[in-house]
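What follows is chain A paired twice: with chain B in the first complex and chain C in the second.
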Partner chain A sequence: MMAPFFKFGMFGEETSLVLAFVIGIGFGFALERAGFGSAKKLVSQFYLNDLAVFKVMFTAIVTAMLGVTYLAWFGLLDLSLVYVTPTYVLPGIVGGLVLGFGFVVGGYCPGTSVAAMATGKIDALVYGAGMLFGTFVFAEIYPLVERFHESTLLGPVTIPQYFNLPYGLVVFAVVAVAIAGFYGASVVERLVAARAKER
Partner chain B sequence: MKRRLSTLGVNQRLAMLALVLGLVAVFAAPTGGSRVTLDPKDLAVIVAKEVDHVRVQDLADWIITGRSDYRLIDLRDERSYAEYHIPTAENVPLASLLDRGLARNEKIVLYSDGGIHAAQAWFLLVANGFKGAYTLFGGLDEWKDQILFPRLAEKPTPEEAARDARIREISLHFGGQPQTGAEAAAAPARALPKVDLPAGAPAPRPAAKKRKEGC
Partner chain C sequence: MAPATSTAAVEAGRAGLHAVTADRDRAAPYANPYLAGIGLGLVLLAAFVVMGRGLGASGGFNAMVAFLLNTIAPAHARTREWLEGYLIAGTSPLKEWLFFEVIGVFVGALLSGLLARRVHVTIEKGPRISAGTRLALAFGGGALMAFGAALARGCTSGQALTGGSLLSLGSWMTMLMIFAGAYALAWFVRGAWR
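Showing the complex of A and B:
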C-alpha cells in the first residue's frame, strides 16, 4: 500500500476527519509542551533572547523532510502524488509580511493561537477574534484584490524542480543549513544573554 | 570515538543522525521520474469495487458546496461543450489529455456523453501514472437523467416527497427541469440550460452562490 491514502480513496471522508482530529490533538499537545502556547515565548524569538521557536520549527521541517524522503525511497509514499501548493510570488511575499507583522504584534501565529486559546489565554481569544474578522474583511474585499491575489503564478514548483538540482542534494543542504542555524542560534542566544547581563 | 560520542548531548546526537540521514539521501533519494507498472490485479480490484467512479449526485454536491480539490474534465468536442457542459468543467479533448498540464497528484473527474470515452481516458491516465483519475458514472447522460431532468413521483409517499424536494432543489440549482409523471412520459421537455460562456472558460462560481441565498 502506498501513500497518500486519503486523496485516492483508500479511506473515506469520515475516517479522514477522525484522523485529522487525532493528529490535531497531537499537534496542539506538541505546541503546548514546546511552550508555544505563550505569546511571550513566541515573541522572544524576535528579540533574539530565546530562539526556541526557530529551533523547534526547523527541527520539525528536517524531521518531516527526512521522513518523507525515506518513505519515498522505501516505496511507501509516491512523492509525485503529494499535493504541492502553487506559488504566487508577489502575493506570497506580501502575505508573508502581513503574517510576520501580525506575529510580532499579536504574539501568535494561527496554529499557536488556537493552542493558546485551549488553555484559556485571553490574548489568544482576542487574537482569534481578529483572525476571524480579518478573514471576513478579506472575503468582503476579495473582488478588489482578486487580480493581485492571482498574479505572478509560478505554479506548484519545488526547490529541486525550480533550480534543477537533484532531490537528495536539496535534502542534504536543508539539513546542513538547519544544523548551522541551530549552532548560530545558540551563539546568538549566548551573546544576547551576555549583553543583557552587562546592563 | 566511543567516549567522545557519549559526551554529546541528545540534541547533538540527533543533529548527527539527521546529518547522516541527509548525506545518505544524496545518493538514495528518488530523482523525480517514477516508473509506472500496471498490475492487472490492482486494476481488477479498482474496477470491481467501482472506486474509480464519482456519482452524479456527489458531483452535484461538490459543485454546490464549491469544493475545489478536483478538476472536472469534459472530454467531448468543443461544439458540444459550448452547447452545454456541467458547471466548472474544463474542455479537454481526449487527444490533448496528456498535454494539458494535468498533474499526477490531482483528483481528476472525467466525463463524456456516455461512459466509454471517459473510461478510455481514465485508462490512459492510469497508464501514465495518474492515481487520482475518476470517471463520472454514466457520464453526461446520467447527469441529465438524474440531475437536470430527474423523474419525480406523481403521488409521492411522505418519504418520497422529502427526497423529491431535495432532488428538485438540486435540479433547479443547475437550471434543470424536474419531470413529473405523465407529462414527462408523454413529451419530455428537456431544454438544456444555457451556458453563456466562451468555450474553454470555466463556469463562474458566483452564479451558484447567488442561487444558494434563496434557499
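Showing the complex of A and C:
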C-alpha cells in the first residue's frame, strides 16, 4: 500500500470530499481541545502570558514533519506527490505581515474562527463576515495587485532544496529549535506571571 | 415530605437561574498544549497520507465568496480572475475540498465544545472596550486576514501548519512574518484585549 492514497487512485473526487469532512472534524476537534475557539486564549500569545499557540503549532508541525519523514524513509509515502505551495518571496512576506495584523486585531485566524463560531462566539461570526468581505474586495481589485501577487516566484521549493542541505539535517534542526522554543516558552510564561504578581 | 419537595424546587429554580454561570464553572479545562499539538499533527499527517495535501481554512472562505458572487452576479463573477479556479462550468464552487474540510472543522469543534461544556453564545472581548467596538475590530481583522491570506496564498493552516511541516521555504517565511506582524501591532491594540 502506497501513500498518498488519493494520488494513487484508491478513490475518486466524491470520496475525497467525504474524507475532507472527516479530516476537518479531527482538525476542528483538536483546535477546540487546545482552547483555540477563544480569541482571548489565542491573542495571549502576543501578550506573552500564555504561549499555547506556539506550543500547539510547533508540536503539530514536528509531529507531522517526523511522520512524513519516517513514512517516506520506509518507502510508504511518496513525498514528491504531496502538494507544496509554490514560494513567492515578496507576496509571502507582505501577506504574512498582513495576516499577523489581522490575527491580533480580529483575535482569530481563519481556521480558529470556525472553531469559535461553532462554540457560540458572535465575534467569530462577525470575523467570518469580515473574511468574506476582504476576499470579495481582493477579488475585485485583483487586477491592481496581480503583478505583485505573481512576482518573485521560486516554485514549490523546500528549505533543504534551496540551501542544498540534507533533508534529515533540516528535520533534526527543526526538532532542536522546537525543543529549545518549548523550554524558552515556559521560561517566558513564568517571568510574565511573576511580573504580573508584582503589580 | 412537602418541605423537602419545596426545597428541591427552590434548588432547581436556583440552578436554572444560575445555569449559565454554573455551566461555565463546570467547563472542562483546555487540553495540555503538547497533547493537543500531537493530535493536530496526526490529523495533518492523515491528510498528507490519505490525500497528498495538508489542511487549510482560507480556501474554504474563497469558495464561499465564489459561490455567493456566482449566485448574485454570475456574469460579474466570471470576470473575477482571482476566483476563476473556483468557477468551473457545470459544477458548484462549493464542491471544493477545503470547503468540505471547513464544514468538518465546525462540526468537530462543536463536538469538542459540547463534550467540554464550552459552547456559550457570547462576545469575547477585553474588559475596556464595548461589544460594538469588539465586533468592528473582529470584522476589520477578518478582512485584513482574508487579504493577507490571498496575498500569501494561504493562512495559518495552509501555510504555517501545512507548509511548515513540509519544510516549504515560503511557508516558513510567511509563518515568521505572521508572528512578526502580530507582535509588531500587539502593543498598539492592547486596549482591545487587556
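We adopt the following convention: the second predicted complex is superposed on the first by the 197 of 199 C-alpha atoms of A that agree within 3 Å, B and C clash if a C-alpha of one lies under 4 Å from a C-alpha of the other, contacts with A are read in each partner's own complex, and residues count from 1 in each chain.
Keep in mind that, in the parts below, a residue touches a chain if its C-beta (ideal position, glycine included) is under 8 Å from a C-beta of that chain, and two chains touch if they have at least 3 such contacts.
Just so it is clear, the structure is predicted and the values come from calculations on it, not from any experiment.
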> Between chain B and chain C, which makes contact with more of the residues in chain A?
Replying inline: C
>> Quick check on the superposed pair: does A:Phe58 touch chain B, chain C, both, or neither? Answer first, second, both or neither.
In response: second
>> Quick check for you: in the superposed arrangement, does A:Tyr83 touch first (chain B), second (chain C), both or neither?
In response: both
> Touching A:Ile179, do we find chain B (first), chain C (second), both, or neither?
Replying inline: first
>> Just checking: does A:Leu169 make contact with chain B only, chain C only, both, or neither of them? Give me first, second, both or neither.
In response: first
> Looking at the overlay, does A:Val98 come into contact with chain B only (first), chain C only (second), both, or neither?
Replying inline: second
> Regarding the shared-chain residue A:Trp73, is it in contact with chain B (first), chain C (second), both, or neither?
Replying inline: first
> Same chain A residues contacting chain B and chain C, which ones?
Replying inline: 7, 62-63, 81-84, 156, 160-161, 167, 171, 174, 182
> Contact residues on chain A for chain B in the complex?
Replying inline: 7-9, 62-63, 66, 69-70, 72-73, 78-84, 156, 160-161, 166-169, 171-172, 174-176, 178-179, 182
>> Which residues of chain A touch chain C once you look at their complex with the stated criterion?
In response: 3-7, 16-35, 37-41, 43, 45-47, 52, 55-65, 67-68, 71, 77, 81-89, 91-124, 126-140, 142-143, 145-146, 149, 154, 156-162, 167, 170-171, 174, 182
> Within the complex, which stretch of chain B touches chain A?
Replying inline: 11, 15, 18-19, 21-23, 25-32, 34, 51, 103-105, 107, 129, 131-132
> Considering the complex alone, what residue numbers of chain C touch chain A?
Replying inline: 30-31, 33-34, 36-58, 60-62, 64-65, 68-69, 80-83, 95, 97-113, 116, 118-126, 134-135, 137-186, 189-190, 192-194
